[in-house]
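Shared chain: subunit A. Partners: subunit B in the first complex, subunit C in the second.
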Partner chain A sequence: MRIAIRSIVLLTTIFILLAVIGCDGSGSENDPDEMILRQALFNKIKSLDPVSMRDVYSATVSGQIFETLYQYHFLKRPYELIPLLAEEMPQISEDMLVYTIKIKKGVLFQDDKCFPLGKARELTSGDFVYGLKRVADIKNLSENWSVFDNKIVGLDEFREYTKTCKKAEDVDYSRPIAGLQMPDDYTLVIRLKRPWPQLIGTALADMVTSPVAKEAVDYYGEDIISHPVGTGPYMLKKWHRGSYIELVRNPNFRGELYPSEGEPGDAEAGYLDDAGKIMPFADKVVWTIIEEYQPAWLLFLQGKLDTSVIPKDNFDEAITGIGELTPELKQRNIHLKIFSDPSTFWLGFNMQDAVLGENKPLRLAISRAIDRKRFIDLFFNGRHPIADGFIPPLMASYNPKIKEKGYSRYDPNDARKLVEEAEEIYGGKLPKLRIAMPGTDTFARQFGQFLTRNLNDVGIDVEIDYMDWPTYQEKLNTSSAQMFASGIVASIPDAEDFMGIFYSKNKAPGSNKFNYYNAEFDKLYEEIATMFDSPERRELYQKMELVVLEDCPAAFLNHRIAYVLHHDWVKNYKPHVFQYGLSKYRRIDTAKRAEYKGR
Partner chain B sequence: MAAYIIRRLLYTIPIVFGVLLLTFILFNMVGGDISAEIAGKSASKETIEEIRKERGYDKPLFFSWDSQFVNHFENALTFNLGRALDREPVIDKIKRGVMPSLALTVPMFFGIVIVSVGLSLIVAFVRGSIWDVLTVVICVAGMSIPFLSFILFGQYFLAYKWGLFPIFFSPDLATAQYVALPVLIGIVTGLGANLRFYRTVMLDEMRSDYVRTAFAKGLGPGRVLFKHVLKNAMIPIITRIVLAIPFLFLGSLLLERFFGIPGLGYLMIEAIGSRDYFVINAMTYISAILFVIFNVITDICYALVDPRISFE
Partner chain C sequence: MSEQQIISKTLPLPKGRSLWQDGLRRLGRRRFAMACFVVIVLYFLLAGFIYLAELFDWQVAPIRWSQEVGSQYESPSGENLFGTDIFGQSVLRKTLYGTKTSMTVAMFASFISIAIGVPLGAIAGYFRGFIDEVIVWLYSTLSSIPYILLILAFAVVLRDKTFFGYKLAGITTVYLAIGLTSWVGICRLIRGEVIKHKNREYILAAKSYGCSAKRIIFKHLLPNVFHLIIIDFSLRFVGFIHAEVILSFLGLGETTRPSWGAMINDARIELARGVWWQMATATFAIFFISLALNIFGDALRDSLDPKLRTQ
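And then the complex of A and B:
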């Protein structure tokens, strides 16, 4: 007994001593001249294997390790695709079915023990073919297959073949695919089944097609998710899963020149100061995974993070009533960047639902009952614009006159009249409607209360079903949600992502969770799917948007405007919403960072 | 004693079997097929089918040598915990998380026990005085303030404003550095309920005849309290302490999340949120085993501290 008590006291004393000795509040610092980019990620990284990558956070990290054939220009706007691993833009045949892509010579993978003697080899066209075969291989369970489904000649047949293999090891990757040819080590030829103008943006500039060394896949097996071997400017040094990731320079990286051209104003903003210099600039890139806003905000103010979003609860501390930085943050030499995010959020209607689907006045009544301005003021500090349509203002196909159409207007009186009309169609008092709300957190509950009050005000009885993400997904996939709060962020600077979610062949469990069908829309969608970007195509987009808005399969709520802060020691911080491999452009003024007083 | 321990350990077999059966029924029959969740948001039907095959969900639930339950049972017994939804082996996740969790919960636990038992002896001794009343009021007030408030306050003032502790986990820091503040917060928040409990236990003992006798014989307060009262109050203290030990393994959700401690508390909650049954199942199974083992230890401790309790 006495021994037990003494042991407890001894253990506790040791711990307290350790805590006190080690507790200087800062920890062991790195070399002050070392250029380290320090950022926060608000979610955990799931995988660092491009084949199974689907979330923004994984892509943010992988984008520094892996490279794609093409990338978006860092400075030019509108966004412009330029070669990265490709030597030049592809040669496209007249029938738009054959893409011939020349690949840069002398590109090396990072050194890794998966290679003989640990020394990397050169990238070849075979690595791209291998990557696409991995996406098609059913054994890899890639979520990205839908991007390539029925697009490349012979790839679907390869997928069918992999289904016949018993085990993953049985799949023969040397099987030829007619639509993926390698005339030599530096040429890749892709043959399509039908024209696919988004091939470059949607696929060849996307992380999913980043080349991964076959040697690494063979060596690490299923653990390839945590052993990325790419050609990019950085390579993985440490990954404390769920808490911390550290990348260091890839010594095999060929070097890339910082762009010398941008858009007007870039030179004045200092974005061209490093023109022509060899990238990457930073020695290390570090992400700390911080899922709560308070610690991330405090670490930013302390100078231990270079950049930060503005948490809702700290908005007044950061931004004045006229949308400028507060004097306190200005004094700390913090800079504010405001930019449009290609996103739209909505309250969706299940068009197969017996009450909503055949009752357009009811859908319109719900849409007009929602006070979007109040919603944005309450939940987003008045930052975001109302979504008058679903194509965000950032897109070239955005219709600047869409607001005049009044599809998103708040008109409770009109909504009440529409409810009466809806009741006539329904044949009596409307039943209680249900909204599927993803999440059970404070935001979800407050949003639910807001919608309930708005709809109750016009005589619509509604109940909110709060649920976890998997349950919500299941409800949408099985079309069992009557209404649902949702949204989308575009992956390319083209509104096609927004059109696809209304195409009837994409009905649930596909991306059309509204189960919307309109023959005219479908016809137009099939027309634009094979058109390259042009004024005609943009006009068709606007026409399609009007078709959808007229049918009202959703009450569109808001687009998003991002407010990002960064310390003045971070250089070349130009917002870019379509690319992940941005760390190579960033430069750190280590002297300024060292001068910063954090408290 | 050996026979007693063996007998008690044998009792654990049906308990563990029951836990396995229960978790299987909950996850596989109530929770349903999770292949679609594993496949992700935009997966095709064929991908979902492939997962069903790969994970064995296409096999019968019971009543077959190759049934899902037999596999579940076999995997549990061999500690083959499978791969989580993100395809990382579950055992790797647990191994990685267990030390940070214990680094947080063990000192927190001992801190709470030592401070609350020590203080409870003192306030029981001065019962009815202003110090006793003040302690009870502070305990009740501490219990009434949400745990989150202590975290936000501690992180803002102690870490950010006064710079006494790091704000967040960093691999550059020693474990003692990054767990110091959360441990302190954990001890402060845990004191209220524990101190009140131990005070009640001590008060019961202080009213016993042997305490009066000890004082009458001229023993000092320290000797009476720590030698006699504490020893006699050990049964409820041991019950509370030993049965709490298995839960130390589960970490602390909020502290881990706010201070970035890569432990098991957050792993478990995250697994529940994303319906990662592989992780939930493994954690439930390990917790059940630990709970059963510590129950046995509790019983052994009873006999060690109280000679009236026999192993027979």
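And then the complex of A and C:
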């Protein structure tokens, strides 16, 4: 009897163990014809509520659930804005202050228990107004408020009103806003305080303005961050925090047609094979949260992930000396996509700091002491371009002559002279400087070592403070970091994002973490804010860039070039850097995937 | 003069040996244990030497670990015995410097855990009653939390905190986190021994002389259980080295100077490009000290514990 009980316990344990081992977190694939898009996310998702979302990872998931009024064309380059939830492009008044937007009829939210009988209702213009009010509501502490600050008539007053409400429940969302009108359920009128040429790209094509059903916010309360109810092609099915996310088709999705036009070469590349077909193609979209690149890379090679970036230590395994895929990967029918990212990374200086703020020679010395080429060789396999300025080459306003100005040059001898000059200004030997480094992982530690070595070489003593992301954010927001390693990825194909981070009214906790102030720059920024894209505006951008570079509030290091690999079975994988809702375009050739796995 | 008196005058009585002398004699007979002891001493000497070199700014190789001695990821050669890392730094120098980091952490953590665990165990065992219950409750609660998770929690909480104007960072956080969480074992051991000893004749005699509880605990009881502290110290030391490696591996340990854990963490991803030497060197450094400490600790226990004497 005792032996029998033991055997049962043993068998049960083995069964449970096998079951656990069998669950690789990538979801079951019972139906081989089911089209599942499998990807990796390298960070945890914080929130799936558009109002409180600011990071790339959350937007990557939310972008499939929520939709915006406008989106960037999937295939056309240069990037072109087209309607998504809007019926057409907005009608803009002559004074550029009033935008009238017609909204598509028959768009339904996904079914959810927040609605009566669980059946969704139709999207109306009121949902957009409600979404913007939520951003303005101080109780929601939306990091996206700076986008709308002092832009829409009456919205700032609504924000002030929310400050007077004691509790979040006390805020009256039916309070009218003069600048946000709804003549009918399918028309939205936005009235601006002054012209805002970037309104469509910066706001109306951004996740922050995605409509959220009021019923969902009322029903889920604070838990709305994990119960997204949108109008997009997919809806959330599973979310095991920190490990796994699964989206399934939204049966209420109206269907969208795959674009029939692109840029030259798209047809040859197969990007127009699905022209005119109804999207989305994939039945499920699955993300496994893998915070390390190495396991993600191995899963990609095993065919368990559809796409992958190339970890720096696997670069030689993937790419040959002439920048092509290695024969081993070609044999596996893996494809390489190389594309520029609208990004810039830097070592920033806090201009309010007593040592750095008033000591330009010291800031210049730090900038000249950093060997950017070696940095890129060591950490990015030499594939990223040096940031000679802060406007990336991808932007139309990029100054091709910026390199000649020499702001990014590595000159340790000059740096040593500048340190002497800096010590004279400081009135003695410079104190130990501190650099705030986001992360405690190997990359952060090695990057910290690299900076220490470079700066020590020219006689600058530094200490690196490694910290987690929330602590780092807090340090920057309270201006308590002396120097900080940071960067930005633009959300629109315009350099305005890069200018905003130096505008004095955006000082920390706003996006200007440098706490930089230059009257001339501010004046130019206010000038370009109301200008439409034109050669004059681009010229002003370049002028503004030079003003900043002359003051040296940061040592700009590099721009990013993405090297992305995908398997042959992933179709319509055209790189797109300004949109998150891309899963709907992807199609999976399930037969090819099965063939790969059967190898 | 009786016969017995004559013998006692002509033949000297055999000299008695103390517990320590007896234990050390037994230990000396174990050749392999002594070889391990030599290895441990070498590690300690190296750590001490690096400590002094840093203090007096002697420009010796291990403290110049950040110097570039070759190109990036140079494989082991006659010039660079254990190869180089991403910055062309000598892996050998980093490993030698890592000895100081690990030994310092293990040393301080041991002292902290003994400083907390021994008095608490002795007090609980001697006084029993309410005091005992409180201390037992405290260590039972602590021991119910998984050890590594507890250290991680302490390390995260203590990191970057300022106490009395001193900012906790890097190595200090590590040994504080380990020391503050690992006193339970020694506390439990000492409590049990004190309960056993407190009714023995020598303690009753001390009590009858009117000795204070403090005097009885620290002058009579603790010296009689001190060999257990030494044995526990030697066996736990290796655990503390491992804890430091784990914390550094997880990015919660030493970040500005080399440590074995950080080296393994770096090497983990470098293995993909065939760079094995950093991983191998750090692993061997940990392996030798762990093996030596384990064997020597076992031998020490066998030699000093009267119950385990077999010779």
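Here is the rule we go by: the second predicted complex is superposed on the first by the 562 of 599 C-alpha atoms of A that agree within 3 Å, B and C clash if a C-alpha of one lies under 4 Å from a C-alpha of the other, contacts with A are read in each partner's own complex, and residues count from 1 in each chain.
Rule of thumb we're sticking to: contacts are C-beta pairs under 8 Å (C-beta built on N, C-alpha and C of every residue); 3 or more make two chains touch, one makes a residue touch a chain.
Given the structure is predicted, the values throughout are model-derived calculations rather than measurements.
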| item | value |
| --- | --- |
| Which of subunit B and subunit C A:Asp149 touches, first, second, both or neither | first |
| First, second, both or neither for A:Arg453, with subunit B first and subunit C second | second |
| Broader residue contact with subunit A after superposition on the shared chain, subunit B or subunit C | B |
| Contacts of A:Ile488 with subunit B and subunit C, given as first, second, both or neither | neither |
| Partner chain(s) touched by A:Asp316 [first = subunit B, second = subunit C, both, neither] | second |
| Contacts of A:Ile464 with subunit B and subunit C, given as first, second, both or neither | second |
| Which of subunit B and subunit C A:Pro295 touches, first, second, both or neither | first |
| Touched partner set for A:Val56, first subunit B, second subunit C, both or neither | neither |
| Touched partner set for A:Asp441, first subunit B, second subunit C, both or neither | second |
| First, second, both or neither for A:Ala562, with subunit B first and subunit C second | neither |
| Doubly contacted residues of subunit A, that is, touched by subunit B and again by subunit C | 292, 294 |
| Complex contacts: residues of subunit C adjacent to subunit A | 66, 72, 86-87, 160, 169, 251-252, 255-256, 262, 265-266, 268-273 |
| Subunit B - residues contacting subunit A, complex | 34, 36-47, 50-51, 54, 83, 86-88, 93, 96-97, 107, 110-111, 113-114, 152, 155-156, 159-161, 163-177, 179-180, 183, 231, 234, 257-262, 266-267, 270, 273-275, 304-305 |
| Complex interface listing, subunit A residues touching subunit B | 1, 8-9, 11-12, 15-16, 18-30, 44, 46-47, 52, 54, 138-139, 141-146, 149, 163, 222, 225-226, 238, 240-244, 246, 288-292, 294-295, 298-299, 301-302, 304, 468-470, 473-474, 477, 509-511, 599 |
| Subunit A to subunit C touching residues, read off their complex | 292-294, 297, 311, 313-314, 316-317, 378, 439-442, 444-446, 448-450, 452-453, 463-467, 471 |
